[in-house]
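Would you mind keeping the following structure in view while I ask a few things?
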Amino acid sequence: MASILDDDPRIIEFDVRTDEMLVNMGPQHPSTHGVLRLVLRTDGEIVSEVEPHIGYLHRCAEKIGENLTARQWIPYTDRMDYLAAMNMNLGWSLAVEKLMKYEVSEKARHLRVLIAELGRIASHLVGMGAYGLDLGTFSPFLYAFREREKILDLFEEACGARLTYSYITVGGLTADLPPGWLQRCEAFLDQFEPVIKEYHALLTTNAIFVKRTANIGVMSREMAIDYGCSGPVLRGSGVDQDLRRDGEAIYTAMYDGYAFEVAVMKNGRYPRDHEYPPVPPDAVIGDCWHRFFVRMIEVVQSMDLVRQAIDRYSACKGTIGEPLKLTEKIPAGDAYLETECPKGQMGFYLVGDGTAIPWRARARSSSFSNLSVTADLCRGCLIADVPAIVGSLDIVMGEIDR
Amino acid sequence: MVEYLIDRVGLPGWLAWTAAASLAAVLILNVIAGGALVFIWAERKIAARIQDRLGPTRTGGKFGWLQSLADGIKLLAKEDLMPDGADGMLFRLAPYVSFCASFCAFIALPFAFDFVGLRLNVAVFFVVAVLGLEVFGVILAGYASASKWSLFGSMREAAQVVSYEVPLGMCVVVPVMLAGSMDMVTIAEKQAGWFWNWYLFHDPFTFVIFWVYVTCAVASVNRAPFDLAEAESELVAGFHTEYSGLRWSFFFMAEYGSMFLVSAMAAVLFLGGWNGPVPLATLAGLSEGTGDTAGYLVRLLGMVNLLGKATLGVLVMMWIRWTLPRLRIDQVMTTCLKYCTPIAAVMFAGAMLWQLFLPGGLVPGMRRPAGEIREGWLEGPGGRGAASAATGSGDLVLAPAAQVRP
Amino acid sequence: MTAMIAPLAWVCPVFGLGPLGHPPGVSHYLVVGAILFVCGVVCMATKRNALGVLMGIELVLNGANVNFVAFASPWLQADGARSIGLDGQAIAVFVIVLAAAEAAVALAITLNFYNNHATVDVDRADDLKG
Amino acid sequence: MIGGSVAVASTCCLGAVVPPLAMLDWHAVFFMLFAAAACGCALAVVLADNVVRMAFYLVLSLGATAGLFFLAGAEFVGAMQLMIYVGGTLVLLVFGVMLTAQAPFVSIKTSAAEKAFAGLLGGALLTLLLVAALSVEPWRRPGSVGPTEPSATPLGMALVGVRVDEPPAHSPAVGRSGYLLPFEIISVHLLVVLVAAAYLARAKRRKTPRPVEMVASVEPPVSVAEHAAIGREAAVGAPARSGSVLVGGGS
């Protein structure tokens, strides 16, 4: 450690001798997004070393998965990224379907897109609002939750739950949408679209917000790839990768015929499909501001996708079909599938042995890889930057610890 | 008031003095304590409205107006916790140090013509000085809590408040220079008349420096976006992390007291003090200087004016708090040292030159000519000094209103 | 000898209202100043922490300041006695300002000492001992 | 001051029942209050061992002294004492305390013999000073001149070289009386101190590694890992570079 610090030009020494302090940020801390514990080694306000400690929310979900049938494990995936449980359901369902070579009906496919993209909006709203909270502004958080509540209302209508839905399941969805749902969803989108301007005014383009986030926690393209980052964190560093476009066939087939651009800065510009505020001159690609901005763009794009999905879903005739039986046997063999969840690429792995219960069930969490960069990003920053950086990674401890 | 008690009521002199002094003390106490309750309620309602919520609605019937009182009772009943490693004495005393500093400054603050706890010749200086003492309570709290977060918070506060005293002092000096006195009563008197007599509109430099003052004032009372000492997303709760119950509420009251104080000071120094935008009383032919009932009512109107302006200032601070993110400590220091201080210095020089070359303002006749005689020592034997010489020694600490002026 | 008994009458409330019955004079302030001064001297002599010594110096300066202000005040003098007037206040102001500067310099020395010796115990600052 | 107002309020009630209180001289009451606070806290500074507490007592003592200045009519000096001494110098001092507040130095004990000797010396000095202070008759007996309204203006004028408090016959030409020269000197002096303070607090790039033995003598370095192990049952290693981790380290 000492050798790294000596060479680091960011570490400066003052004439006044001060002593280093070890501080525990978390697990009970307002800004560590759950029970994350960061051990900071600080010299005054300057952080010389950060070490994340995890495991406080470990619930043996993967082991439990080896004792339940594939469909019975769906509620456990809800509790991984509990802010985007729909996308977790989808990931596991698709992995199982991949092993079983099962294909859902056309209508169910569009409904899955609809629900997954709404889930992405809901998750990014939390990420955005909580990021404002990390930077010390409270109001955007509540604005974000106001909108999220409306999405949750829609979800509740569809499946009866507001947090852990288990709606998307192996072989389709547990139920079709109730009558009038699509109109209410469109009404929400119409109401939500103009509100995004307010978020840009309060956060994205706010001078203090830019000062706090621009050029902070800069993660280079190579570093992001090396650490296995994914999702908005990866795209914030300028890597053009989105599994909805670049993923495996069974996943990209879901988005067949959907038009969207990957929210990433290419040739110095973001997609121009909508009005976005300009990039501030201070911001460097890969910094906290860009990670945040990518999420804001994705919210708008997801709204587009939801609109497209509504059209296609209502154009489809027939029903969404029935999900598989709870005790459906899984063929022998294994399957691994990564999907593009709001937080990043969430992978599910299962090994079947011919019975209904998977022999192995595993999850690859995006937040885990995204969190692992904290130690590198936070070296030499100020204490106030630690929440700014960790917040911009938008991690969920339920997914990391499982 | 003392004369009134002696002449009309027939109290003995000492009792009249005591009664008048205690009345003043009780009034000031209530302004702070009651003000804090009202402001806490207002903050909750305003924050709620800004955030599309309702805020407290039930306590006390409508609008939850008794919410702060209920909170107070809850705080009283809370268990008083102290960390094991804490320095007991300092931990217990720190909130009171903070609160006393905030309270003390009110003694020199005029609420209206003659409504002042103690008319100090150096009132502005005194208020700024005493306000700076609040930081001691915070430092002690941070040290005595034996918590690293508290220590961080208190060190931040110390650095911040001490730094912001510099530009704050420069901003405060400008009205002092224009009025030629550090006496807040005199400063407010000089801004009597229409609103263009306010020092805010005196010249472009004072207009700019008012905003510098607002920035520095917000910073020196630790409100968002400068609330680094209690930055909840970084330092848990900063210097009061380990406090609970009544002790914690003392910090809270000190904060609201200071907020009100700097707002009232802004009102007195820049916004005409108790003089409304339109000189209603003067137009109606009344004068606040007379000792009769009419004069008293005019003063009451002035007090409403000042309280209104100060409250407006506090509300603006709340509005800012619920809108902006928090700055980082180095940005806070940069704001102070690289922006506020140079701007304040330049504006100070500008206001000085303006006062030198354009004392009457740009439009002739609009402004009352600046007085040639600045202080009592030039007024001669019949002036203010002789009249107040006859009073007893008690007015040193709490001079009741009527005593100060002839 | 009366000088020795006078303080007794002054502090002892047995004599009617004692000191509370009449306004204080210069002497009262001088007594306070003397106590502060002596406390400062003792503090400087006994404290081994460099910052404690610094605090002792502040107390000594403060004690002196009390005297200056007392002599300057026109209210505390007996009739006919002439106060030193403004001179006292001006000197007190200078003392305060110089004390601030002195504290800054002394703190710098202390911190340097601390940097070099990793202690603030003045008894260990004996590098120049022959 | 707060104590003052509370005292007034409480004695008001008392005064109604106890007639002798009517004879109280408020000036004297407040003088006693502040004098007791100043002297008591100064004594506490001497007796306290903990350096932070010493600083706290010093704050109280100097604050009470400022109250004494107000009572003596030197309002400007009092406010200045609060602003510069208490608000500035002592904050600086507390900074110093905290920068050097290693557990072994917070309280350095003095030997009893030294204390006794110092006490003896101090007692002798105090006696001497008290005798001097109380031996001059006009000092003990204040005159009948009531307080006049104090003003900072003469002091301010004196600092820029004009004496307005003395008859013109005594003061020489404008600019050569008063304290213009000391005022300027002290301004330059403050500037120098300011520069020195900035020099002290400047940051520099690290060139040579910190001498390890000095750090060690103060506090044995604790590694992050060691610290993390405290209070945890199963220490989970920090995530290493995990390019394509399938199974999280937390499981």
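Some notes on this structure:
Letters are used for the chains, namely A, B, C and D, taken in the order the chains are written, and counting of residues starts over at 1 for each.
Everything that follows uses one rule, which is that contacts are C-beta pairs under 8 Å (C-beta built on N, C-alpha and C of every residue); 3 or more make two chains touch, one makes a residue touch a chain.
Given the structure is predicted, the values throughout are model-derived calculations rather than measurements.
Ranked by the number of C-beta pairs in contact, the top chain pair here is C-D.
Among the chains present, the centre nearest to the common Cα mean is that of B.
Between the Cα centres of chain B and chain C there is a gap of 32 Å.
We define each chain's centre as the mean of its Cα atoms; on that basis chain B and chain D are separated by 24 Å.
In whole angstrom, the spacing between the mean C-alpha positions of chain A and chain C is 65.
In this assembly, the C-alpha centroid of chain A lies 47 Å from the C-alpha centroid of chain B. Looking at chain A, residues 15-17 sit in touch with two or more other chains. Residue positions of chain C touching 2 or more other chains: 23, 75, 111, 114, 118. Within chain B, residues 393 each touch two or more of the remaining chains. Chain B meets chain D in the complex at residues 12, 14-15, 17-19, 21-22, 24-26, 28-29, 87, 89-90, 93, 100, 103-104, 107, 120-122, 125-126, 128-130, 132-133, 135-136, 139-140, 143-144, 151, 155, 158, 162, 165, 182, 374-377, 384-385, 388-398. Chain D makes touch with chain C in their complex at residues 20, 23-25, 27-29, 31-32, 35, 38-39, 42-43, 45-46, 51, 54-55, 58, 61-62, 65, 68-69, 71-74, 76-77, 80-81, 84-85, 88-90, 92-93, 95-97, 99-100, 105, 108, 110, 114-115, 118-119, 121-122, 125-126, 129-148, 154-155, 158-159, 163, 165-166, 179, 182, 186, 189-190, 193, 196-197, 200, 214, 217-218. Considering their complex, residues 3-4, 6-7, 10, 16-17, 19-43, 45-49, 51-52, 54-56, 58-59, 62, 65-66, 69-70, 72-81, 85-86, 88-90, 92-94, 96-101, 103-105, 107-108, 110-111, 114, 118-121 of chain C touch chain D.
By the touch criterion given at the top, residues 47, 50-53, 148-149, 152, 156, 224-225, 227-228, 231-236, 322-331 of chain B touch chain A in their complex. Considering their complex, residues 1-2, 4-6, 8-9, 11-12, 15-16, 22-27, 30, 50, 52-53, 56, 59, 63, 70-71, 73, 75-76, 78-80, 82-83, 86-88, 90-91, 94-95, 98, 146-154, 164-165 of chain D touch chain B.
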